[in-house]
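What follows are several structures.
Next, two complexes with chain A in common: one pairs it with chain B, the other with chain C.
Right, the complex of A and B next:
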């Protein structure tokens, strides 16, 4: 497994006893898309931050490609995020004033890559994400759906081994959600990328396998779970799995 | 000269807003911008004359919705005026090709936003490097200039800090360093103290006020913070899309 989280726990910043994550275990292999859904405040973003090495768990172990991520120095973790672990944070506002192409190639430029090569790779990534038409637009000019595809394109430019996507399809139409998930599934299948994606609702995780339910910081069995008064329906191709399943 | 009594302000023509003894960097002549929806037309900016001289600090006051940000976007060439002209160093922005408009923003202007507009995954130094890297400046030179720019705003010990490890005031200093690093002629600051407490906001205002003197850049400070007027060479006010100079 490329990414392995074993018995991860993390207390809330403002509480000695309340947990953001409580004994969470999950694994993601290359070519796999693992989905985690849960309502706001359930710990999804913290889970991804820990998987990205941006936050440390209070207990448990995070392994990436056979090494303990939580034991690496901040410089080593930064290097991994620049070269191997790509993150898409759905809730972040776009950086104003940048063109789409600038935004997508920025990670490469900052990582000392050749400017021409960075532009070429950014254009290829935009094409792969069906966002090449907005290359010259500014980030604030494009639609939410386009922006999420642009964010995924930006993540692709580094040719990551692991892609962590935090609710990239929130606030998008079902058609746009399907587009995002199709992109990620293709990426996983063709480039053997390991994908861990979160969403507020399981229906936004079409094609992910397994789909895990995070509630109150714990991975729980979702059978019989009700949200908003409606029994949750899961995508046909998705298999529900407990964390250790 | 036409004057209209407008309470605490006078509506005046470009003749008085301009100081003929100094060279105008930026000139707006009868600029208008309207937004149209199915049900109404909003005149966001209406018949505005304005000029900014080199090394001048102009405070632009006005309540929310008065047209301040629209005016800033027109100056930045991010919006096109429906009427009138915006000229920078004598050139009409409407005559710019798309690449010229991009070059104008990258080389002549610096931007400071209320919410800092920093890239979360990048260090302070890398954030400041961004406008240089996008202009094709080599990495070594870009990093050196970014380091110097951060030192100028007192952040030489925060080079490797990412935004989540910086205070609000420090983030705004990084944003100012980023605006400065390309040695722009004009810095556009949109509510730069809006997210800061009083003490931190005062420090940021002092920093912005020093830019004309220490870096040779003119500054347009869009704000509803009356404290900004202490530092300004001139104070303009937007109200319902119209511009006037406070006396």
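Right, the complex of A and C next:
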């Protein structure tokens, strides 16, 4: 498995007991698209941040390509994000005034790649993502669907091994969703990239397998009920239940 | 499910006249539990015959509507058996409208769209009604009553389902419009989907880029990788194009 999250837990910043992620285990292999859906606040973005090495879990292990991502130095993690782990953050507002082509090649330029090569790669990625027609447009001028494809193109310029995409198909028309999900499925199959993608609803996760449901920081087990039972997640109620018993 | 077990649930709280049962059913569970009096008396009669409930008070001969009914020990056991019984499986209903759309064919797309519109309007109206009921619930007093909260859950269940129906309708309309614009090939017609040079260029670019990425990825992870600890970080990997980096 290229990416492996083992019993990941993360507390909420503002609470000692409430969890953003609670004992989450999942794996993504090369050529696989794993989808995670859940409501806003269910922990999707935190999950991706941990997988990207942008946030550290309170407990549990994150392994990327056989090495413990959570134990690497920040420099090493940054290097991985520049070369191997690409992220698409759906909700970020576009940087106004920047052309699509400049935006897409930026990931290569900050990594000190050759400018001509960077723009060649950016154009190739835009074409592969069906967004070549907006190359000259400014980021704020293109549609939401185009924007997401542009973001994926940008992620692909580094030719990553792992792609993490935070709700790239949310709030899009079904046709746009399908275009994006088909692109990601082809990417996984043909480029042997491991793809971990989140969405607000399962409907957007066309072609992902498995599709996991994240609720209250936990992956809901499709083969049974929540581990430990729901009551025990509220300490007060757990005590009451114990007293009753 | 039949109303039988819900009625037993009501009678566990307190004995009641049949007409009280009808109104309480709706008060506790929401408008989807509306029953007509004919159905209700029939159910009460059967439950009495089966020994699940009994008359505890009242006059007026055999007429059920003149008597207060209470749950019997057998009734309480039946309620418990039902509560603990078979697991609550998800049921996905068959939808006539969906079947109509599926078999409408290209010539009936406009009609199918109109049906979706009608369905959507009805869902929106029902949603507005249920949402109003839910919002009328008062839970802001000093005491929050469990029954009010549970009714809220019942009403929210309808709201959530109707929201889902509205989402479905929007989804169906979008797909039907897409079909109407001629983007798809129908089995009976084999009309050629739109294609062009641009599509060809894109798939070519995809093939080139994705093929290169696949070639640079090892086919399987090297053995022993899982044991590699933090003390033995791997050296920088060669990234395609890295040699070209000149700043």
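As a convention for this text, the second predicted complex is superposed on the first by the 220 of 245 C-alpha atoms of A that agree within 3 Å, B and C clash if a C-alpha of one lies under 4 Å from a C-alpha of the other, contacts with A are read in each partner's own complex, and residues count from 1 in each chain.
Definition applied: contacts are C-beta pairs under 8 Å (C-beta built on N, C-alpha and C of every residue); 3 or more make two chains touch, one makes a residue touch a chain.
Predicted model only: the values in this text are computed from it and were never measured.
Chemist: Given the touch rule stated above, what does A:191 touch, chain B (first), chain C (second), both, or neither?
Modeler: Touch status of A:191: second partner only.
Chemist: According to the stated criteria, A:50 is in contact with first (chain B), second (chain C), both, or neither; which is it?
Modeler: neither
Chemist: Of the two partner chains, chain B (first) and chain C (second), which one does A:97 touch, if any: first, second, both, or neither?
Modeler: Only chain B; A:97 stays clear of chain C.
Chemist: According to the stated criteria, A:127 is in contact with first (chain B), second (chain C), both, or neither; which is it?
Modeler: After superposition on chain A, A:127 lies in contact with chain C alone.
Chemist: Tell me the contact category for A:87 with respect to chain B and chain C: first, second, both or neither.
Modeler: first
Chemist: Once the structures are superposed on A, label A:138 by its partner contacts, choosing first (chain B), second (chain C), both or neither.
Modeler: First partner only, chain B.
Chemist: Looking at A:181 after the superposition, I want to know if it touches chain B, chain C, both of them or none. Which is it: first, second, both, neither?
Modeler: Neither chain B nor chain C is touched by A:181.
Chemist: Answer with first, second, both or neither: which of chain B and chain C does A:203 touch in the superposed model?
Modeler: Touch partner of A:203: chain C, not chain B.
Chemist: Once chain A of both complexes is superposed, is A:106 in touch with chain B (first), chain C (second), both, or neither?
Modeler: It touches chain B, and chain C stays clear.
Chemist: More chain A residues touched by chain B or by chain C?
Modeler: Higher number of touched chain A residues: C.
Chemist: Under the contact definition given at the top, report the residues of chain A touching chain B in one complex and chain C in the other.
Modeler: In chain A, residues 112 are touched by chain B and also by chain C.
Chemist: Can you list the chain A residues touching chain C in their complex?
Modeler: Residue list for chain A touching chain C: 1-2, 30, 63, 65-68, 71-72, 76, 79, 83-84, 108, 111-114, 117, 121, 124-125, 127-128, 130, 132, 156, 158-159, 161, 173-175, 186-187, 190-193, 203.
Chemist: Would you pull the chain B residues touching chain A in the complex into a rising list?
Modeler: Checking each residue of chain B against chain A gives 78, 98, 102, 105, 111, 113, 115, 117-122, 126, 129-130, 133-134, 136, 139.
Chemist: Note which residues of chain C are touching chain A in the complex, please.
Modeler: By the definition above, chain C touches chain A via 167, 171, 174-175, 178, 201-202, 205-214, 216-217, 221-222, 224-230, 233-234, 236-237, 239-242, 244-247.
Chemist: Applying the document's contact rule, which stretches of chain A touch chain B when the two form their complex?
Modeler: Those residues of chain A that touch chain B are 81, 87, 89, 92-93, 95-99, 102, 106-107, 109-110, 112, 115, 136, 138.
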